[in-house]
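The structures considered in this document are given below.
Look at the two complexes coming up: chain A is in both, with chain B in one and chain C in the other.
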Partner chain A sequence: MFMNSNLFEPGKSKPERSFVQLAVKQNQRLDGRRSNESRDVELTFGSDWGSVVVSMGDTQVMAQVTCEMGPPALSRPNEGKIHLNVLLGGVAFLDEAYNTHDQRSLKLNSLLERTFRSSRSIDLESLCVAAEKHVWCIRVNVNVINHDGNLYDASSIATLAALMHFRRPDVTYKDGELRIFKQNEREFMPLLFHHYPVSVTYCVYKSSGQPILDPTLLEENAADSVIVLSFNSYQELCSLTAGGTTPTNAPTVMQCARNAAARCKSLLDFVRKALALDEERRSQGDRSVDGLVGLILNTEHKLSYNKLMGIQKQRQQQPPPSENIELDNESSETPVANEEPSNEEGAGAPMDTSDWLPHDEDSQELPMRSEASPSKAGKYKTNKKTRPRKQNHSDSEEEARQFI
Partner chain B sequence: MNLPAKMDVEKDTLRQMHCEFNPLSRCDGSVMYSQGATGLIGAVLGPIEVKTQNLSIDGSYLECNYRPKAGLPQVIDRIREAAIRDVLELALLSEAHPRSKMSVQIQELEDRGSIDACAVNCACLAMLIGGLPLKYSFAAVHAIINEQGEYVLDPDQSETQHQRASFTFAFDSVEGNLLLVRTKGSFKIAQFNDIECLCRAASAEIFQFYRSQVAKYHGRSEATAKNET
Partner chain C sequence: MSATNTIVMPGERIAAIEELAKSKRVILGPGLRRLDDTVVASKAGPLRHKEPGTFWVDNYQRRYIPARGDLILGIVRAKSGDMYRVDIGAADTASISYLAFEAATKKNRPDLIPGDLIYARVLNASADIEPELVCVNSVGKRGKLGVLTEGFFFKCSLNLGRMLLRENCPVLAALTREMPYEIAVGVNGRIWVKAHSLKETVALANAISALEQSGCAEIDKICGNLGDFLQT
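Up next, the complex of A and B:
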């Protein structure tokens, strides 16, 4: 039992930091994951609408959505309001600094605000009942239960899942009279979205140019830079937070973005599947709904990413065709999937860190230098030599454009 | 609120209790506790450093926080926190660690009735597993007098719809003294005494649950635990 528990977060001491730096340089992680492998994500929905607990390894985050009727903001009289709040401290024992403006809390809140509010993911106009008089105010409260790294991802997934799960009461406004219906009078209605954003976090270290995905607390505290990207289902970038003490070169960030876009898409598929399963369980009757108590009961119906997405331990090949149905930009799926296995093979050779950016350097160079690519490709396995050039244009436009 | 349908449970038994120890990694002891459909997480950290204004040479300072699921704590949550704090202060052996702080945090997961009693029980389990020095362990029981005038022990939220009176009692394990009495509604003193007896009998079940769970956690069978107490 420590007297000064403030200092004892893993990764803050010098020996720990140098150890982690060395490990990342050798492409090794303490829990045996590869640099672009993430922990399993588990969703547990509560009995109340809009209540969810997300677990990524030991990191646990709980989100609850509530709504109430109120007057709108003066500047936007025909839009509803949304409030997002992340609360550290409490059971997570993270408020050691006793600061009102604790850096970590501010960063988390700002990230959530930018991902959900600034990107206009919720349709706020649909929340308006009577312009200038009555609108719905949605509150999302995210409570951090345990912090073992990567709170950004966990809170964004929790917020999104809670908002998608939430149902608000039906309401009519006639002749100046507002009537809110109870659940037994009229079914509650879900919220409307413009798009669904999720975030992905990478950590960068001075010792190696290779970012690692989904850091644990030790890795996060020892990191020099943290990159958080949020993408939505259309593979559009919703927010980007990058900063720290180590400079990162642009192709690295672009590669992270590419992988993050693919991961966000599959995370969204997972959330949708989990919601559908929860819907099914609710329709079977109240007895089968354990709610959040299901966390303790350890039933077999765990909604986990690995289970629902059918991903094997030895990494996926092509994503199953059923997941391509929801694709808006179908051609982008195939080159992204092609890049995934090549990343695996690159990361599989531990001592050769240059493999990590195999052909992307080639594809982003100007056309006249494409003769250089066969010689570089000769280093790798034979099946990667023929890479179609058109993959450049099938991703979102920003990535294909030259940025100097 | 999404209330479940009326469940057909007995009126004089506690709801099913479950708990899972140490789900959290950053504290000395934690427990995820549920009674029926009401669930909470309790965590303790201590003895740790205390601010000078709270420093006491006689004993440790107890910090107790109850957090509701949604939003900032309202008045009702602060009342709950004060009630839990009162019980904890009685039970904690603060003289064992002067000039330090014991921090007890409780997070509501789901409120489906009897949340006051569940929170107290959760705190007790958290302190037991976290190894805080206690004079005795304690258990709380909630009972109501429903519309028909019947006594219902540990009601679910659907059963408290039109209650006449609600009682929460907390007992200690060594002498059976009353640690906490909270009532709401109108009742006769004879009813109060009856319900107090009912709750006291039920608290024995909770103490037995503590013993069996902690014994299981430490890898010992219930029989051995019973022989040792």
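Up next, the complex of A and C:
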């Protein structure tokens, strides 16, 4: 046993910590990003259904979805099962990674469980073939290849993209006989979703009131607290993890939540676009991404967030009312939506936009507020917040805010 | 120093050195080993040669192997008895005595807490016992050793650390032309830098990290436009 466990990580010494604190205080980051700027997210789909690699800077996470037939849980005889499994073993410098009960992988696992399973994002009933006898067991293996901070976002994006990308074989159950069709007999079917959650991570420091988005490992280790928020495309909070020692005030958390909701929405748009592009490539019969190395090193089929969404950003800036643009994007995505989760998606898409509309004005105001001094922005927001919160968020959160 | 283009792999027998050893005295550096009458490489990398007869393998490595007399940067991990445990990036933690600081006595102990960064010298290093550090020289003065406060600290490969430390290194000279700064480089691949402002310190750290993957020959070229890195 080494006494110096996880010492190869940055951010464990005093100079590093105080330097990061100082940098945050002066509103600077070591890689030149702004506090609300994230690293580019890159997606690569493998040749298998449901295999995807997500990289954010040096952080790289691979997710693979598999399925098998099995008996259902006794308590829920008419629902399929979903397992989320996180492996940190690929990161060489984490000595603790060999310990299965270590804090980090448990935390990551529980975050994914709450985001995807507890929020019931996947329609498990559709995975039931014969009640009490045969259901599909969906297994998501999240493999961390490299860790440079913000594993939460990387793995939640990877999980979401892999689940959305995944297709399962069609199956019939007749006279006690189970028949699973091969791909050449019947087309594979995508999973059905109730909603699509993604997480966003913020780091908060004692020296500054301004939380920073998408921390690197150095920033994460030097942070006093880390807030992870998961939202779905309807701006509903799916999970919230806040730990650490910083006394964070309610306006800060609410500001994080608002920005996170907007970012989750655009991340989901990005995943959908990426899936559409992958679909297009597959329909042309091009499956040249092969093997693990090809998947990790692949540059040709890498789909970058900044590239895909950058065009959209420019378009949004030109005409002031962004409602039309939102609809525009939605319509451009509909071909994918139809091929993908069939009826669920169809119902989801229009609801998405209508729900988004009242929020649009808020999100447009947001950047202005964050530029203003934090205390001022906070006050301003608490007055106006009640209206949009009510319709989208659970009562408990509303209560909590007033309480504070 | 001449860089030959031979790349050697661990276990590879190097006949050229054996030939030379017949006529004159040869010194085998790190990465080379003598087995009876043969010379065998124990690390992978380009074979280096320095006149008259010194050979070594310049391999890329991040894990430090302690050697007596090395100047290193370590992070204090814990206090234990009359020792501090210090992480130096090696397989084992090193220890440093309370009394190994300037003007320290049993009554007057140095005030170090876990997380502190110290610049120290390796007093003894052997494969079987943990390395021991000191922060004073032979006459009890601290010189430049001791606790490093403020500034920024980062890790790099051992090669980069060694390269910065070699005599008349062009990198540090090129950086000096751009701005005044303080630097402490440990041969264990850890670098501490401090400049006037935070922005300058970040730029300096980025400029040095950018040299990570470049070889000795390229460095001279890169140093010409180090100013570009400093702008970012």
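Here is the rule we use: the second predicted complex is superposed on the first by the 280 of 404 C-alpha atoms of A that agree within 3 Å, B and C clash if a C-alpha of one lies under 4 Å from a C-alpha of the other, contacts with A are read in each partner's own complex, and residues count from 1 in each chain.
Basically, a contact is a pair of C-beta atoms (placed from the backbone, for glycine too) under 8 Å apart; a residue touches a chain by one contact, two chains touch by 3 or more.
All of these numbers come straight from a predicted model, not from anything done at the bench.
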item: Partner chain in contact with A:Val91 - chain B first, chain C second, else both or neither; value: first
item: Which superposed partner A:Arg258 touches (first chain B, second chain C, both, neither); value: neither
item: Chain B versus chain C as contact partner of A:Gln60, first or second or both or neither; value: first
item: Dominant toucher of chain A (residue count), chain B or chain C; value: B
item: Which of chain B and chain C A:Arg114 touches, first, second, both or neither; value: neither
item: Which of chain B and chain C A:Arg39 touches, first, second, both or neither; value: neither
item: Touched partner set for A:Ile145, first chain B, second chain C, both or neither; value: first
item: Contacts of A:Trp49 with chain B and chain C, given as first, second, both or neither; value: first
item: Intersection of chain A interface sets (partners chain B, chain C); value: 2-4
item: Chain A contact footprint on chain B (complex, rising order); value: 1-2, 4-5, 18-20, 23-28, 30, 32-34, 37-39, 41-43, 45-49, 65, 67, 69-71, 100, 103, 105-107, 109-110, 112
item: Complex contact set, residues of chain A against chain C; value: 2-4, 7-8, 10, 12-19, 22-23, 26, 28, 30, 32
item: Touching residues (chain side chain C, partner chain A) in the complex; value: 75, 77, 85, 87, 89, 91-93, 113, 115-117, 148-155, 192, 198-199, 201-202, 205-206, 232
item: Complex contacts: residues of chain A adjacent to chain B; value: 1-6, 9, 46-49, 51, 53, 58, 60, 62, 64, 66, 87, 90-94, 139, 141, 143, 145-148, 183, 286, 289-293, 295-298
